[in-house]
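The same subunit A turns up in both complexes below, where it pairs with subunit B and then with subunit C.
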Partner chain A sequence: MTGPRHDPDLIRPYVRTGGRVRPSRDVRLETVVIAASGGTETLAPDARRVMRLFGGGGRGGLAVADIAAALELPPSTVRILVSALMDSGHLTSPVPVEEGRPGLDLLQEVLRGLRELV
Partner chain B sequence: MDSANWSDGPAPHFLAPAVTRSAKIVVAGAFGVGKTTFVGSVSEVTPLRMEEPITEASVGVDDLRGTPNKTTTTVAMDFGRIHLLGDRLVLYLFGTPGQTRFRPLWEGLTEGALGAVVLADTRDLDGCHEVLGLLEEQRTPYSVVINVFPDAPRYPLEELRQALALDPGTPLTECDARDGRSCVYALITLVEYLTTRHAPASLVEPRS
Partner chain C sequence: MTVSILVAGAVVALVAAAAAWRSHRAYRRERSRAGRLQDRSEQLTQQLHAVEYALAQLTADVVPALAGAPRPGGQRPGDLVVPPPLAHTPIADRLRDLTGHVAATVTGVRESTQAAAEQHIAQLRSAADQEIAKAHRDAQQATRAAVRSFASNVVARASRLGREISQGVRSHQDDEAYATLVHIDHIAQQMLLTAQGYAVLAGDKLSRRWPRTSLTDVIRAAMGRIEGYQRVQHHESDTIAVQSRAVEAVVHTLALLLDNALRYSPPAARVHVSVEEGHHACFLIVDDAGLRMDDERLLWARDIMSGEQRDDITRLGAHPQTGLRVASLLAENYGFRVELTAPNIYQGTRAVLVLPKNLLVFSSPTPTPASAATATPTPASAATATTSPTPAATVTPAPTPAAPEPATAPEPATAPEPVTQPEPAAPPQSPVTTASGLTVRQRPARVRSTPPAPSGEPAVPGRPSVAAAWAAGTRRGRQTEENNGPTEGH
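Moving on, here comes the complex of A and B:
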């Protein structure tokens, strides 16, 4: 059924995220995650949708923003879902989390990468 | 409520397995200034869209009860991405409307961002002030890039710098948002500026 009551957007964000209102770790829109391990049977529907997107893993990573776009979920919700899935070991990040302001080292890498394009 | 009934659309574009780092730049500016065009010109995937419902208190001047009404607005953000350095690094570009009323959204967006490219149109320079104010409030460094539309008046950059009340060091350049190369140059200008801003501090506090 596709009545308005079934519109996922009408389900309040805190319901979707199992009551969490903020990510338990520093998960940003550009944080990259890959599928790790763990059964998905016990996961809540939205968390299961995230895991299903990865199709069991081995296909590469996605950033939080990519997941939000693919599942049509608000990015704030996906940040919380992803942090919970990292806590439970379902997702892992191949990218070290860089806290705070970006360092000079990252800026220089991005600059080098962009210069290679032109 | 079985999630299996929700269609999840086509499979997403996965990142290259070699990716070990990610970074983000915000592309901000008033409505119609060319943000989506800019993001699309640089991105290797068709820009994707995210929607964030935000609740805002709306107090109308004709609201005699004086109680703020809560309304929910959906703010759309386009983003694109590009792999760099032989796929080791992925750069995300987020195009965002710069209204102050979307402040809650901006916090999540600018957190961890390298910086912002603020697009401006000489026909609506005032449209930029709100964006510049927000970025300054959030201490996000930015460059300003005039997206040159054919029917827009051209002014010397020095005049524009004054009109926009930019700091002397803030980069101000022009681009054609439809041209990928032009957009990449705009990004290079921003990141060059960011590295120079960073340099003095890094001499005092060497990173291990």
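Moving on, here comes the complex of A and C:
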């Protein structure tokens, strides 16, 4: 392999995050966020693109990994963007961040759901 | 007898008297002739002396003066002064003629000698000039070849480094790794800017190609290549995009202008980038609040921009200032313009990048979905606001799996440009939901043949708790896959 033929990032990640290289809070790939109040006009382009994924708010949550996939951005970049949006109150986490991982019964429910799919 | 004696005596006396009278007359006549002769001889003698004097003057003064270098002031000190005894005589005329002939001959000889000498000098000089030009050309070609080879090598490696970093920040989720990679990336991008500038100066073409890109993203791409990009404040213009073939050139030029603006403004001052749409062109305006370029420097810059002394890579000087030269070359090659004015409203310098409309693509500000499947803006399609100038071209009823995959977007140089940009999600990447409400997450790089689920139901994010569990599951699955599957690198 000679590496990718095409660089996907014409805009480099540090520009997207405004120079931040670490998330300001504990945001993981599996962290689910939902849209909160707040106008998006003053946001930077990428933050606005994140907010647009929520379709105007009140329509459910998205995992950080999903946002990254939808926007085709590096996951760590999205974690920084999301953490900044949570700092500014545009996004909130429906589950306490410190818990971080879902309970056992939820996992079992997911497992059952996945088995149904297969 | 006496009488006869007396008569005879009288006759003799008469005869004698007559003879005496006649001789007296003859004497007087002769004497006057002798006087005239004497006068004439005196006059001749004087003229002879005068001629001698004039000849002496000729040989001593006039001819040497004529032969010598012409003296300044135009006066000819060697002019022959004709002595008064010679006035109005043919000799005077002859002497003047002689002087004239000598002067003409001397002048002729001098002129022909001078002409011959000048011709010789000119020949020598042109030969020397040719030699110098040839040596200069050789040096220029050698320098150019060396710089070109070196710079294109660095460009190739640095852009590969950039690609590897882009992959690295996607595959490593560790905070420290990400921070380090991003720092390295910033340095690599600046290295790339410098090296690519020298490659352009050495006559190389820009090697990197990008899809059509909105002006907002062009500005942000340029910011990524310079130090201190945090000080750049910019307008946004998502409805105007730069054609694929010009993206790299415009980004590079704008990066140079931004770098210049940041470099010459105070460390805390901001640099403003604004977008103006004109009738024939769009203007990217870079304003700094720094040192205003003085008139001399502006003239120099305009000389560079107009192509004077621009292409000579051997005349960059000890502290090469390549920025404007590169900008000028790129502008000429790609058909845009760069203009510099000072002072601007901040008493600094203003640089304007004039992009003619044939380099641009205009799109409507809001996407207008054409098909029922996207009638409700799904989260992902909302993110493609900048990408669909003609909805009919974007949304096809049955998208083929391979076509809209941006990871393998074709080089847009020859083919018709891809209508989508790589970064906003293309239709196959839209989050769709399963019947049980789970958000289906598709990873674009590995999607091979998964057309979007033909669901009439608008795609909405799943319930948070379920989505969280699902995301964790996919993450674990992905890690396993990455450990088993082919990894990045070469």
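Just so it is clear, the second predicted complex is superposed on the first by the 90 of 118 C-alpha atoms of A that agree within 3 Å, B and C clash if a C-alpha of one lies under 4 Å from a C-alpha of the other, contacts with A are read in each partner's own complex, and residues count from 1 in each chain.
Going forward, contacts are C-beta pairs under 8 Å (C-beta built on N, C-alpha and C of every residue); 3 or more make two chains touch, one makes a residue touch a chain.
Because the structure is a prediction, the values reported are computed rather than measured.
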* Does subunit B (first) or subunit C (second) touch A:V118, or do both, or does neither? -> first
* Of the two partner chains, subunit B (first) and subunit C (second), which one does A:L53 touch, if any: first, second, both, or neither? -> both
* To do: Answer with first, second, both or neither: which of subunit B and subunit C does A:P102 touch in the superposed model?
  => both
* Just subunit B (first), just subunit C (second), both, or neither: which does A:P45 touch? -> both
* Footprint overlap on subunit A, where subunit B in one structure and subunit C in the other make contact -> 6, 8-9, 29-32, 45, 49, 52-53, 55, 59-63, 65-66, 69-72, 74-76, 94-95, 101-102, 106-107, 109-110, 113-114, 116-117
* Touch list for subunit B against partner subunit A, complex -> 1-3, 6, 8-9, 11-17, 19-24, 48-53, 77, 79, 81-82, 84-85, 89-92, 94, 108-109, 111-114, 181, 184-185, 187-188, 191-192, 194-195, 198-199, 202, 207
* Can you check the complex and tell me which residues of subunit A touch subunit C? => 1-16, 18-19, 21-23, 29-32, 34, 45, 49, 52-55, 59-66, 69-77, 94-95, 101-102, 106-107, 109-110, 113-114, 116-117
* Report the residues of subunit A in contact with subunit B in the complex, numbered from low to high. => 6, 8-9, 28-32, 45-46, 48-49, 52-53, 55, 59-63, 65-72, 74-76, 79, 94-96, 98, 101-118
* Structure fact -> Touching subunit A in the complex, subunit C uses residues 159-160, 162-164, 166-167, 169-170, 172-173, 175, 178-179, 182-183, 185-186, 189, 208, 210, 213, 216-217, 220-221, 223-224, 229-230, 236, 238, 247, 251, 377-380, 382-383, 385, 406-407, 409, 422-425, 429-431, 434, 436, 438-439, 441-444, 460-475, 486, 488-490
